[in-house]
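Here it is: the structure, laid out below.
Note that the chains take the letters A, B, C, D, E and F in the order they are written out, and that residue 1 is the start of every chain.
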Amino acid sequence: MGFSIKENILIDKIIEQALLEDIGTGDITSESIIPSNLKAKGIIKSSEEGVVAGLDVACLVFQKLDSEIIFQKKIKDGTKVTRGKVLAEITGPARTILKGERVALNFLQRISGIATITSKFCQEVKDFPVRILDTRKTTPGLRILEKYAVRMGGGYNHRFGLYDAVLIKDNHIAVAGGIKSAVNSVQKQISHMTKIEVEVENLSQLQEALEMKVDIIMLDNMNSDTMRKAVKIVKGKALIEASGGITLDNVREIAQTGVDLISIGCLTHSVKSLDISMEIKNVSRIS
Amino acid sequence: MGFSIKENILIDKIIEQALLEDIGTGDITSESIIPSNLKAKGIIKSSEEGVVAGLDVACLVFQKLDSEIIFQKKIKDGTKVTRGKVLAEITGPARTILKGERVALNFLQRISGIATITSKFCQEVKDFPVRILDTRKTTPGLRILEKYAVRMGGGYNHRFGLYDAVLIKDNHIAVAGGIKSAVNSVQKQISHMTKIEVEVENLSQLQEALEMKVDIIMLDNMNSDTMRKAVKIVKGKALIEASGGITLDNVREIAQTGVDLISIGCLTHSVKSLDISMEIKNVSRIS
Amino acid sequence: MGFSIKENILIDKIIEQALLEDIGTGDITSESIIPSNLKAKGIIKSSEEGVVAGLDVACLVFQKLDSEIIFQKKIKDGTKVTRGKVLAEITGPARTILKGERVALNFLQRISGIATITSKFCQEVKDFPVRILDTRKTTPGLRILEKYAVRMGGGYNHRFGLYDAVLIKDNHIAVAGGIKSAVNSVQKQISHMTKIEVEVENLSQLQEALEMKVDIIMLDNMNSDTMRKAVKIVKGKALIEASGGITLDNVREIAQTGVDLISIGCLTHSVKSLDISMEIKNVSRIS
Amino acid sequence: MGFSIKENILIDKIIEQALLEDIGTGDITSESIIPSNLKAKGIIKSSEEGVVAGLDVACLVFQKLDSEIIFQKKIKDGTKVTRGKVLAEITGPARTILKGERVALNFLQRISGIATITSKFCQEVKDFPVRILDTRKTTPGLRILEKYAVRMGGGYNHRFGLYDAVLIKDNHIAVAGGIKSAVNSVQKQISHMTKIEVEVENLSQLQEALEMKVDIIMLDNMNSDTMRKAVKIVKGKALIEASGGITLDNVREIAQTGVDLISIGCLTHSVKSLDISMEIKNVSRIS
Amino acid sequence: MGFSIKENILIDKIIEQALLEDIGTGDITSESIIPSNLKAKGIIKSSEEGVVAGLDVACLVFQKLDSEIIFQKKIKDGTKVTRGKVLAEITGPARTILKGERVALNFLQRISGIATITSKFCQEVKDFPVRILDTRKTTPGLRILEKYAVRMGGGYNHRFGLYDAVLIKDNHIAVAGGIKSAVNSVQKQISHMTKIEVEVENLSQLQEALEMKVDIIMLDNMNSDTMRKAVKIVKGKALIEASGGITLDNVREIAQTGVDLISIGCLTHSVKSLDISMEIKNVSRIS
Amino acid sequence: MGFSIKENILIDKIIEQALLEDIGTGDITSESIIPSNLKAKGIIKSSEEGVVAGLDVACLVFQKLDSEIIFQKKIKDGTKVTRGKVLAEITGPARTILKGERVALNFLQRISGIATITSKFCQEVKDFPVRILDTRKTTPGLRILEKYAVRMGGGYNHRFGLYDAVLIKDNHIAVAGGIKSAVNSVQKQISHMTKIEVEVENLSQLQEALEMKVDIIMLDNMNSDTMRKAVKIVKGKALIEASGGITLDNVREIAQTGVDLISIGCLTHSVKSLDISMEIKNVSRIS
């Protein structure tokens, strides 16, 4: 189910950069203390409840350092775990396991943190036919992983970047001299495979967007009442996305208005890492 | 004061990756709607109180897209601002300003978020001769910027990575068969320019580390009483770092124990972005 | 009008690779013969009729070698020119102009060749409300430029790659056990911003796709009669794309069937370069 | 026989770029529909007669995505095949085979297209001791593969770039003030391992070049009579290369003049891809 | 013992660059003459006495070209060998062995050359508790390998670059207006994990540095008498480093002064390669 | 005269790597002490007699850090200077000048060291019509600069790598079963623009190579008498290259034998850097 990590060249490069950043010219502590022929097992455990994701990334971190590392996943990405759950076991040279530990955990904790908060939002709205969406407010350089995390938490992805879908915002509308003219410019030039979304600030803009037959209409910072009216006006002729100021406290109320989509910047712009750690075991010298 | 951003080749590459990630094959919305000869001004403002940092990064984001962008900083990095404060003004092609907006803000909001939380910790301990430190629990790929953010918030940096200082942890000690033997291995091999820190879990380990004349001793998850005893035992013969489970609520109490350094993972592993936004103004066609 | 080249980081890297490939360790002919202080003017002309595109790429080729090169475009990309038309004038060091000549022309001739053939297809169907589309059958590494060329010739772009739109082909359908099940899997997982297209081989598959409310239906290698029937069945409930075996000879007939889109692999998989050349003039020593 | 592809680092990077370009953040169709544990076989066949080349590149495309792909070549590069011939069989995860298909075919079709047209030119002149040569008019970024394709079609390579041989053209001669002075400058500076070729436009320039003992003389756009005279004058004291306006219709006549080499830009600047396709078979779930 | 080469991503990139530089578009000699199915054994021998280092680098050179190469080390890095000693045996395709030979030897000879000269300096001072150090006067791009070579020769590394330790030199002191003010600026900003060294030109500067409690004091170009006085003044309160004009002739005299460290630029800025060569044996066709 | 440095993309990348290696996350000394608004002048001087080369590289080092640096060359590359000669003056931010100093000098000293030793060999043979050549025994990653240095010292370059000329060595001959068969294989496949050189170990091999009409014959480790005989046998029908064991002491004697070329590995495999240093002057705060 869902997009793969292992064969993705972009993720490979992200991991390489992260290892270069942390290890640079060498792990001077481990290389001084840990003999190169020492084998060990690393146990990765969750220290708190949450939804885990990113195990393939952690695996690739260690394998990039030494192709002979064996990394066994004990759960699938997207699994909700309780405190103490073993997530994976790593076998190989003790040095490599220690070298890769921090980078692997940094990835795993962040990706799991995002999956966990996303999952909480999804839980809140589980009684409604609405999707929880991410935004482009992601950590620079890690978008592909953060959008993966959102999916693993039960959410859905908005457009990936500026290149794969059209989102006409207030500034575009202002420059174009109105929604109609802005959408027109786009429709004439854009691929037939590309959807068009327009951000509206009031119901009259909503009307205008609807007439232009756009695919999605984003209600920017509207209150629940206005959203409900918007849903009635649109009547399924476009998807409706609620956006702006959404929290765990108000998301259920917003879902009740009947919108199709709820996009939430804080899924990725303000992340609390999930607490995950690694223990070393079974150290033994290779004969 | 402090490390520069503008001439740093690593940061240049981070920004390039971030732009590639977001813009990819092109900003299909702006390129369809905004004529290439349209000029505009972008005003970057803080939407909440906090410590701002990363303005040079934001500047480089826009200049990387078009070298003719003029970016005027209105404050220096490290300044505490109130809601509504103008941070910078950008003049140039409207398209470029819209293209770069999200990436610039993603950097600026995160860096400022870290500076802000760091500044809060520093404020708590301002009556004590103690440094607030970051850790290696940073976002993969952004460590150089996140450690810069910590400095701008008034904190200090711990080692940058595995390569520039020695930190002997429990796993190293276990493999080496004790602190003495671990430190010995390191001292024989390491550069005279490299400091050695040892993580200890109790006062008897502390004693052992002290005898080995290490530079810094990290007290791992000790309570305040034990820390106070540790400070008495060490008597300035090494720096003492408190680590593990430190929050805004308990940091002052820990500072009172007399430790020299307090390292805090959540400065960077669980960041709340500072709310910063951009408005477009003065749109005009270039004759 | 349309997507920009100058600020695109991907194109920058493509140009750098092309220069490395051709110049490598140095242009040993020019560097032995042409003094470094010699200035010249290069005149780029079309040697045959066609639609020209790629002038910004040619400009960047020379400026990458020496930032002081002045490159004056004499026409806009997308202009149809006759034999002998001057396209651009380049002023700067004679060495740089000679070094960059072949790479600049290699880009310009190919991009213009694609724009020219696209323009011929568009001309054939100009009386019908139909779009001429490219495919993913592009030259490895140059897709962004080849899709630009298609737009400059009056055509439109299909999806850019495997990542920005869904196209369910025969193999996907076979594995999923039918169109319904394939579309279902996708709809459950895919972003709301992503369109779904299904390739069908007969009218019963068409019916099935229509029931699944996909956005676009591709008619794979159907004859005109069947296409006409398909148009009647679909009645605007989805866009219809004709694909397979389309040539300048039959494209008008296909347009007449009422399909919305005609995709043509040979726009990019079998390109005849437009004949464009450069003359050197006004050689003078810089005092 | 001939230059290897599998160990070449440049080709590795070209393939990586091509995959990044097509797959980017992921193949959203296949990843939604094809389970990751599904195995399949892909059969690559030629859909028309021609000379096939590039099978190692196709192999590397799939193996770069997943190192466990098994790619069996059924013919050697440079083989002339008839319609329907199986060229290779690929076994591995169905997803990987579908992901890599288009990129692999894009390479294979272009390389085979160049090999095929080259082979036609070679066939025309097979009764004469003359070599068919390529030029630098190659696709930016793919020169190493296109020059390989020419060799596989029976042709030979001219210099690879500006760095590995000297070719003095009209502009160099004009700036230097004559062939003699141009050749002189070069001979004084150039490596003894580097050959020198001069482009001449008439028999008096030919005479001048001959006196300077250059290695090769290129006859630029001369008619057959003049070429015949040139061959008599040179009498084997230099190699003679015919260049400019050569087609399948006139190449035999030019070969009859007795020139040693015939260089043909359209081998690479105007390529018709060979029609090659892939079928998926034997889909089975991995237990 | 000590820092690893095999898992280092930086070294991987250095090797890749070196292969690209030498092999580029292909080894046209070997690829024309050596059939691809020919297997051979290469024997790497030292042609002179010295300390060998860099065997892992040589191994990676060959394995980067073909992962099936088997490379057997016959000695450990850091071993002193006599003329004729076999250092390693390589088994695999004859072409790959010939292709990689020069690059592998270029690395091995240089690294061994540095290890050898370092070892001579260490031998001279073996009766004294002093470390022989390298400097930043290394070959651009190869510092990580050259510093490894110094360690293998028995020496120690000074700071790796400008980023991992502070060294306050005359220019810094001049700008800051004295040692005190310079050290002060640094102490306020720098990480507690970073050591501070000050370069002094006379005993009064030494006094000043000592008062500022710096970690290391570098005596710049002092004579032995002054050094001896410096040692007495410092009395172990800082490490003392002798620097400037040190040769095999005077290093023992300097060691006798009681300094802790002696840094020597010529270990890396003026290297004589160790003479090492490769023979090919046991050529056989793979059936 | 000669190959350019400023426009070369390869050199640009070499410089970037060198700066990354030395500066990494920042120059923590200068950034702590030197205010960012301080301007200074750096004077680069030679501290010993020699031939200077690489000033453009030094210039690019500083400009890469800050595009506003002004670098004035006081001499041309290839100039012989006496001790104390000013080579260049640099004006700009004091921080940038201090940051770039070591990297710039590391390049300049090595390139000048190679130019200087080459110049000494050229001086020895100045009475004979013979060229002094380099080999492929260069520092990995720096070949383009080291070959430039050889030219600046008055020497000439042998082939650049394995890709731009054929050199058939003993191992190739052994595998092919003799010189005749080896040369034959090559001649059938290689570009007409590529020269062929054969290494011979005795006069009978020389005879065989001569019959195959190769371009250059390398005499491997022959004594002067045999070389003289070889010259008589060849009589100008090929160029003759002396190789192996050549020193400043015997190079004149070898030149006297009448060989055309003398190749010398130690020009680049065992380099003594030229002593060059930088002084800082005129420090002033920018108002």
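One rule holds for everything that comes next: a contact is a pair of C-beta atoms (placed from the backbone, for glycine too) under 8 Å apart; a residue touches a chain by one contact, two chains touch by 3 or more.
Please read all numbers here as calculations on a predicted model, not as lab measurements.
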What is the touch distance from chain A to chain D, in steps?
-> 1
Could you run down the chains that neighbour chain C and chain F together?
-> B, D
Over half of interface residue numbers shared between chain D and chain F means same, under half means different, so which is it?
-> same
Between the pairs A-C and A-B, the one where more C-beta pairs touch | A-B
C-F, D-F or B-E checked against A-D; over half of contact pairs coincide for C-F
List the centre-to-centre spacing of chain B and chain D in whole Å, with centres computed as mean CA coordinates.
-> 51
Please work out the Cα centroid separation of chain A and chain E, and write it as a whole number of Å.
-> 44
Where chain B touches two or more other chains, by residue | 1-2, 23-26, 28, 32, 99, 144, 160, 163-165, 189, 194
Quick one: label the inter-chain contact graph as line, ring, star, complete or other.
-> other
What is the complete set of touching chain pairs?
-> A-B, A-C, A-D, A-E, B-C, B-E, B-F, C-D, C-F, D-E, D-F, E-F
Taking the complex as given, what residues does chain E use to touch chain A?
-> 1-4, 6-10, 144, 147, 160
List of chain C residues in touch with chain A within their complex = 1-2, 131, 133, 151, 156-160, 163-165, 189, 191-195, 197, 215-216, 239, 241, 260-261
Of chain C, residues touching chain F in the complex | 16, 19-20, 23-26, 28, 31-32, 36, 64-66, 95-96, 99
Under the touch definition given earlier, write down the residues of chain F that touch chain E in their complex.
-> 14-15, 17-18, 21-30, 32-34, 38, 40, 94, 98-99, 102-103, 105-107, 109-110, 113, 136-144, 160-169, 171-172, 174-176, 182, 185-186, 188-190, 194, 269-273, 280, 283
